[in-house]
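First chain written, first letter: the chains are A, B, C and D, and each begins at residue 1.
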Amino acid sequence: MKALFTLFIATAWLTPSLAYAQASHHSVVHDTKTLPSEILGGERNYAIYLPPSYQTSQRSYPVLYLLHGGGDDQTGWVQFGEVQHIADKAIANGTATPMVIVMPDANTGRRGYFNDIRGGWNYEDFFFKEFIPYIEKNYRVKSDKRYRAVAGLSMGGGGSFMYALHHPEVFSSACPLSASTGPLNLDDAKRRYNRPRRNEPDVKVEPVADEKIDEYLQQHSALKLVENLPADDIKSVRWYIDCGDDDFLYEGNSLVHIAMRKREIPHEYRVRDGGHRWSYWRSALPTVLSFVSESFHQN
Amino acid sequence: MKALFTLFIATAWLTPSLAYAQASHHSVVHDTKTLPSEILGGERNYAIYLPPSYQTSQRSYPVLYLLHGGGDDQTGWVQFGEVQHIADKAIANGTATPMVIVMPDANTGRRGYFNDIRGGWNYEDFFFKEFIPYIEKNYRVKSDKRYRAVAGLSMGGGGSFMYALHHPEVFSSACPLSASTGPLNLDDAKRRYNRPRRNEPDVKVEPVADEKIDEYLQQHSALKLVENLPADDIKSVRWYIDCGDDDFLYEGNSLVHIAMRKREIPHEYRVRDGGHRWSYWRSALPTVLSFVSESFHQN
Amino acid sequence: MKALFTLFIATAWLTPSLAYAQASHHSVVHDTKTLPSEILGGERNYAIYLPPSYQTSQRSYPVLYLLHGGGDDQTGWVQFGEVQHIADKAIANGTATPMVIVMPDANTGRRGYFNDIRGGWNYEDFFFKEFIPYIEKNYRVKSDKRYRAVAGLSMGGGGSFMYALHHPEVFSSACPLSASTGPLNLDDAKRRYNRPRRNEPDVKVEPVADEKIDEYLQQHSALKLVENLPADDIKSVRWYIDCGDDDFLYEGNSLVHIAMRKREIPHEYRVRDGGHRWSYWRSALPTVLSFVSESFHQN
Amino acid sequence: MKALFTLFIATAWLTPSLAYAQASHHSVVHDTKTLPSEILGGERNYAIYLPPSYQTSQRSYPVLYLLHGGGDDQTGWVQFGEVQHIADKAIANGTATPMVIVMPDANTGRRGYFNDIRGGWNYEDFFFKEFIPYIEKNYRVKSDKRYRAVAGLSMGGGGSFMYALHHPEVFSSACPLSASTGPLNLDDAKRRYNRPRRNEPDVKVEPVADEKIDEYLQQHSALKLVENLPADDIKSVRWYIDCGDDDFLYEGNSLVHIAMRKREIPHEYRVRDGGHRWSYWRSALPTVLSFVSESFHQN
């Protein structure tokens, strides 16, 4: 009886965090957690979805990095994307496996997921050297390529392309939605990289030499990377690319599809009815969760 | 028996916040919470609906202010309106996004949502200067225009019209149901403002000068405001107006529809089968929740 | 055995029209039947829907006169309105009683359902003196007020208003959809009646004296008639009025609703989501069939 | 026994048209009807689908010309495409309006829907000068642009593109599925037009001058026509273009989508999961029927 008695006392000592565990058969979302970053200097926000079983179990989970678009922040997929409702439903249906979904903020300081062409702001370095390690240290997530996926919309679709193309050893699946695929050529790149940044319209930017722009372009255009990287590297990632027939980003995504077909890189490609809007991405998310689960599940 | 006894003690030690956590996968409704008001003098009641994920997650939510009609109080939408059942179902269906629903009492002291024509009772001031700030400080609700909506029935439909027309910078959507749209002209206004108040039938009211009545009318008639305010201000709010074909308030709502059409102010307008009754408003509520979610969702 | 033998021989003699009878458990639509008209001079077209049981039974049926809009002809409700599919379904569901649906052409010669203000073209006379009698003579339809209804869209909604207001002794129900309710006042009437006809844009029209216009207006404005006719006459017809919130004819229909309410004339009134288009009318038709069936059924 | 014998005789006397009447509440498909052609010399086959109400009613119907692919003939959509089952279901659902579906053979003599580059075989002339007129004379189909649509798969998708681009005055909608969009450039065209025909592999073809090939290419490449025809002509047709992500015809269809977007020509474009196969086209057909019905319905 002693042991049982102690158990009951223990129950009385429940800490608040334990309290969550009691309610643990439901998923948990935080929309504003923070981590320190030396690379970017200061605190960075992220949101996180923990699946229904996370609090009660002691297992580890696969992880999806889900990137927001320009103008949003880490709360976008939570508020507009209904990530909790959609992931809960997909997991309950069995169309997706329980996974942790991590949504970093790429709106603070500079907007975007890349290292800046002019240096001094290395978001991509932060993402791979600080953010992923932080998540893998602080949450019960698996840390093999197989168990990591990246997806995102618009600017975050561009991030999905770039992260998986630059680091095919990190992700098993990549799902760019309505992705900004980057400049299509040098002229386009010169125009874009030499204009003021969207969220710093008054800060004059230093012109960059054409040679450097071209070099940067080769590394930050999904089309160039798909055309030029070793095919086996690209093939080691499973691709799900989706861009609506009314989306203004139709051209880059159509050309990436053509380029992948010409290099015989397996990929799922969808053009559905719709434009560059949240209704499109909400309706894409269930398929994304199912698609990345196929890697996690190892069919 | 000792052990079991201890269990009960332990349960008793649970803090209130822990108690919520245990019930946390269900929505929570309080029908009588209070806040202090300097403006109205004394404690004011409100009811509140917290969506199913509110207790387990650490995200913030959009908020709907839902106003009761004359003769009811803050419990009306809870008891007669089935707000919990209907909101739970809409959120589970995905036709509404999880949101906090706040229902203030406008039945205590004086009845109604306006500053009194004779002064001394400034409910509208209370609402904007004390109530909204209190809610935004004490609950995890977002505090941008996009994430605030107002809806209400009858007298509360009038409140919805007036609050969103007086403060289009505060709300992204407004849904007046079977709204009392205010006096249609000066004679009508004189009759109304110079008779005893409904819930103080024995208190003789001081007659008010015609000029002042007209001035007040211009600010408290939905029709006048829709005809005279800058169209861009009115258009910055999304409107959903619904009044049954058997409702005694048919004229004001029909005329507001005509006035909005003439000024080309986008609005949804519905006349369904029914009168001034709860069955009508309960059947309106799912559409209201879906309509305000479209702003919160950013389609 | 002789009798049986004869039966079989008879089967062999089947005429083609009898052949239809064999297939008679399905409805039949003709989109271009004709009748002679002395009043209008020449052949007039009509379409007709005969319910599934029409060919096998020898009973008589109630009848709905269903009027097309300006620019269409008698085939409009057949092709765009899906009258066969919708009526078949409503009758199969039991939400409508089997009825004959008659769709006259008001597009040939002059467009419209009225006697011309300048004389010489008396479509309304044709409708009541030739068309209804022809239908009642040539089809098994009942010929009491109770068993006749009129409905229509736009110009045909105006026809529905006028026919039922001019002849409340003829119809038990009237269902104007997105109705053109006629000029709202004399100035409006002068503008409309003195401009060239839509389908004869090059024919100069003779100006008509204001007095005559006013007289004509009083007889051809739904609003004036609703305001001025004996209430009991108007009440002897059951009304179902429906006009979308995006319809350009919002004002007249809203004002008729107000006028009917002020005179306490029972009527169903709906404002649903939509504009002046076939998708609106197709979605209205099931309710119209159900509404007119309530008179035919005598609840 | 005598009586029974007589019954059989009687049945034998039924005329063919009477036979239809007996079966009249079901759709009727013929997979091999013929018409004479002076232009092509000899009899030509076609298949036809008559909707369920065709035999009992006397109305006229809109018409869809549905083109088979290379290697098939007029029976392809009947046998492999399940046109009867799918159209019956769509009409019963109300997602498609009753329509006649006509499927010509383009496999006899020469394969294909075009006038031959070397002359002497003018299938396109046959289609517009003999086939459409024959159908409109012999069946109750409407003969306005609004009521005609064209769709087809692969080679028949190419035919759909070409017929609607050459004759935008004839069709209200065009739905090329997995379309062969024609050569992308002169080299491609030279290769294709100077090789033996697929169904006459042993017949040596006469080389054609480059200039003539280019001229022919300009008229028979969907891409060139979309880039060069007056935009208003192309816009007068509603487009539904669908080609799977695994289809070998991905490039032409992607480039036509890009070209249409650049010229701001409204069009629906879909890339679904799948290749160049009947399962893809069967799953496309319900949407095609619904899409063309939107024109026939006049939403």
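Just a few scattered comments:
The working rule: contacts are C-beta pairs under 8 Å (C-beta built on N, C-alpha and C of every residue); 3 or more make two chains touch, one makes a residue touch a chain.
This is a predicted model, so every value here is computed, not measured.
The set of chains touching chain B and also touching chain C is empty. Each step here moves to a touching chain, and the least such steps from chain B to chain D number 2. Between the two copies, chain A and chain C, the Cα superposition rotates by 180°, quoted to the nearest 5.
Chain A and chain D touch with mostly matching residues; of the residue numbers seen at this interface, over half occur in both copies. Averaged C-alpha coordinates put the centre of chain A at 59 Å from the centre of chain C.
In this assembly, the C-alpha centroid of chain A lies 44 Å from the C-alpha centroid of chain D.
Centre-to-centre spacing of chain C and chain D amounts to 38 Å, using the average Cα coordinate of each chain. Among all residues of chain A, none touch two or more other chains.
In terms of which chains touch, the assembly is arranged as a closed ring, every chain touching its two neighbours and no others.
Every pair of chains meeting the contact definition is listed here: A-B, A-D, B-C, C-D. On the side of chain C, the complex with chain D involves touching residues 1, 4-5, 8-9, 11-12, 14, 16, 19-20, 22-23, 25-33, 47, 75, 78-80, 82, 84-86, 89, 277-279, 282. The part of chain A that touches chain D in the complex is made up of residues 245, 250-251, 254-255, 257-258, 261, 267-273. Residues 2-3, 6-7, 9-11, 13-14, 17-18, 21-25, 52-53, 55-60, 62, 91, 94, 97-98, 142, 147, 296-299 of chain B are the ones touching chain A in the complex.
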